[in-house]
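Quick heads-up: structures coming right below.
Next come two complexes, and both contain chain A; in the first it sits with chain B, in the second with chain C.
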Partner chain A sequence: MSVSSELLVAGFNDAVHDGQQVFRALLTAMSEPGKLQQPNLIAEGPGALNANSWQVALALLDADTPVWLSERLAADAAISSNLRFHCQSPQVDSPQHAAFALCDASDVPDITLLNMGSAEQPDRSTTLIVQVPAISNEPHWTLTGPGIATERQLRIGGLSSTFVEQLIASRQRFPMGIDCIFCSADTLVAVPRSTQIDINMGGR
Partner chain B sequence: MSEVATGYNFAYLDEQSKRMIRRALLKAVAIPGFQVPFGGREMPLPHGWGTGGMQVTASVIGQQDTLKVIDQGADDTTNAVSIRRFFARTAGVATTEETAAADLIQTRHRIPETPLRNGQILIYQVPTPEPLRFIEPRDSETIKMHALREYGAMQVKLYEDVARFGHIATSYDYPVMVNRRYMMSPSPIPKFDNPKMDRMPALQLFGAGFEKRIYAVPPYTQVTSLDFDDHPFEVQSWEESCAICAAQDSFLDEVITDDAGSRMFVCSDTDYCRQRVAQQEANP
Partner chain C sequence: MSAANQTTLTASQLARQHWLGVLAKVPAEQLQQQWAALDLTPDYQLIRPPEIGLTMVRARVGGSGQPFNMAEMTITRCAIRLTSGTLGVSYVAGRDKRKALTVALADALLQEDTDQQLQQQLVVPLEASLQAAADARAADASQTKVDFFTLVRGEDE
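On to the complex of A and B.
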């Protein structure tokens, strides 16, 4: 597939410093699960991709990172064109071969189809970037584990119960697993494989 | 802010290498204590600077950061001064010797005495990342041992110490378990510093340049030193106190003060010692 120039959006204003700031937000997010980050260094994303998911892609993806797009995002020519143009990431058809998988909350993959790494090389896993409608620290999930002093509350909008069940079930496979980065329009949060998720009963 | 040297990449490292190291860092914090291999070129730097720590610092540091660098606890050794100057020139960042004022602290062989706070990042230079290396020289085997959590050989090694010396003789690079899952080398810090790693509010990142491994301990993560029920883990202690600031709770270095071999003990952490002296002068 070629790149359509009329679909291209801007990358970072300053690739070096903006990329560093987004990475630092991601490092804090991944090392302190449930802690909300708002780097917001970019105004808009391509097509249906929100600005926040776009800046995460710009900060982490390049020619060395095969990327898989969910059906809905793959159908959006603006997204694949911009990923190809700005990141040079090869797009793969199987999530099993992806370093990063990008999806929308309405269009999440079957987690078991992603690469969870192996017992010897758990780092060879797919990192899942999920675009979601809302993120807050209102009580819904109670998170515990490394990076959390006692516990942290997290509510992520738009996720199906099947996805959440699969995510919780994947904890059994630690150190294998999937690290998730959730991106609403202006907020990002990470839930790595080391985080235990308990769903608060009565909350929805 | 210092003047930034032109003609270099920000913080010297190229963006592609930074991205690769950043991706490895995110995996490292997601799997606490697991050694993540990373590829790429070696950073051409003077011997003794610890390329792994340098690569991690270069990939993490931003314009807003204030950097502190310590070598054996001191801010004023040749290596510490050179590394600080290197990042001041190539990244234009502010530097400090004060632990509490630093956002990033790159270290070799010590953890500062001043407790670190959440939001700070401690970056260790690591010579030998594999704690099982002297038990098993083959990577293919140590990787399996970590996968199977097969750490009995290390317990046996430590217990041989107990049998021979009546105590565990290892006093530096004393192995730890991270979040009850991975055995990890804390780098050659004195075991005196091991308890500081446990549930530390700051993020701890470890870079081994020669073996190209990165590992991490997220804030508030359990880090326990290996021991035995009948021989619990103990840290070094001194009869003496610091000859300069009278501290009794800090790691002391023995220094020879004259040709006759007179000796005294002083804090290895020069910033901690200076802070204490300043406080004593302010409140005599």
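On to the complex of A and C.
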């Protein structure tokens, strides 16, 4: 597949420093699950991808990270062209072979199809980046686990119940599992595999 | 690039290949002078700010042998978009970010240059000076040219 030049959008203005700031925010998000981060370093994303997901992709993806796009995102030529141009990431057809999977909340993959790593090398797993409509600290999920002193509240909009069930069920396979990064228009939050999720029925 | 690949290019691609080649090869100082004289200040957005990197230069022995990795060279590349939407790209040898940006801008403007005006003002004179420099060098070298020949020694008779 080729790059369509008319669909290209801008990358980071300052690739090194902007990339570092987004990476720093992601590091904080991963080490303190449920803590909201807002590193807004970029104005617009390509096609259906919002600016926040785009900056995460710019910071994390490169020629050594095979990326899998969900069906809806893969159909958007702007997204695949820009990923090719700015990140040089190989795009794979099967999420099993991807280091990163990029999807929209309306279009999440079956988690069991993603690469969970192996018992010897759990770090080889796929990291899932999900673009969602809304993220807040309203009580809906109660998160506990490493990086959280007591507990933290998190509400992520737009996720299907099947996906959430699969995500919770995947905790049984620790240390194998999937680390998730959720990106709304301006906020990102991470839920790594070590975080336990309890759904508050009362909080709905 | 092999001859088979070139035949698939359209006329406009060949023209673009030509001016990008000229602009990349011309000395930076000369390019900036010529560019400044035109006094163009297009509005643009940086798609890929000028960045410096390495690329592997591959070569073939005698132009037809097996390709091998000859050396790495430093290049600077850049991509910009004019407000009209035209994308300009550049790949130039060396670490001159300003040259990369100028070439990218010139590339975008040359694509919009339907009346060949910019082509005449920028590419043609620069190409002429490149050619003049190449000719001067060739003339210089030809002064010390040695013709090798062998006298008939009569051994074959």
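As a working rule, the second predicted complex is superposed on the first by the 204 of 204 C-alpha atoms of A that agree within 3 Å, B and C clash if a C-alpha of one lies under 4 Å from a C-alpha of the other, contacts with A are read in each partner's own complex, and residues count from 1 in each chain.
By our rule, a contact is a pair of C-beta atoms (placed from the backbone, for glycine too) under 8 Å apart; a residue touches a chain by one contact, two chains touch by 3 or more.
Given the structure is predicted, the values throughout are model-derived calculations rather than measurements.
Superimposing the complexes on chain A yields a three-chain arrangement in which chain B and chain C fit side by side.
Once the two complexes are overlaid on the shared chain, A:175 sits against chain B while remaining clear of chain C.
Of the two partner chains, chain B is the only one that A:27 touches; chain C does not reach it.
With both complexes superposed, B is the one of chain B and chain C in contact with more chain A residues. Shared-chain residue A:201: touches no atom of chain B or chain C. When the two complexes are overlaid on their common chain A, residue A:15 makes contact with chain B and with chain C alike. In the superposition on chain A, A:149 makes contact with chain B only, not with chain C. Figure note: vertex chain A, arms to chain B and chain C, all at CA centres after fitting on chain A; angle 90 degrees, rounded to a multiple of 10.
Closest approach of chain B to chain C, taken over C-alpha atoms in the A-based superposition, is 10 Å. Where the contact sets of chain A with chain B and with chain C meet, they give residues 15. Touching chain A in their complex are the following residues of chain C: 45-49, 51, 79, 81, 85, 87, 89. The touching residues of chain A, when paired with chain C in their complex, are 5-6, 8-11, 13-15, 85-86. Chain contact summary for the complex, chain A toward chain B: residues 15-17, 19-21, 23-24, 26-28, 30-32, 59-60, 62, 64-65, 99, 118-123, 125, 127, 145-149, 174-175, 179, 192-194. Interface of chain B with chain A (complex): residues 9-10, 15-16, 18-20, 22-32, 34, 36-37, 59-63, 143-144, 146-148, 179, 181-182, 199, 201, 203, 216-222.
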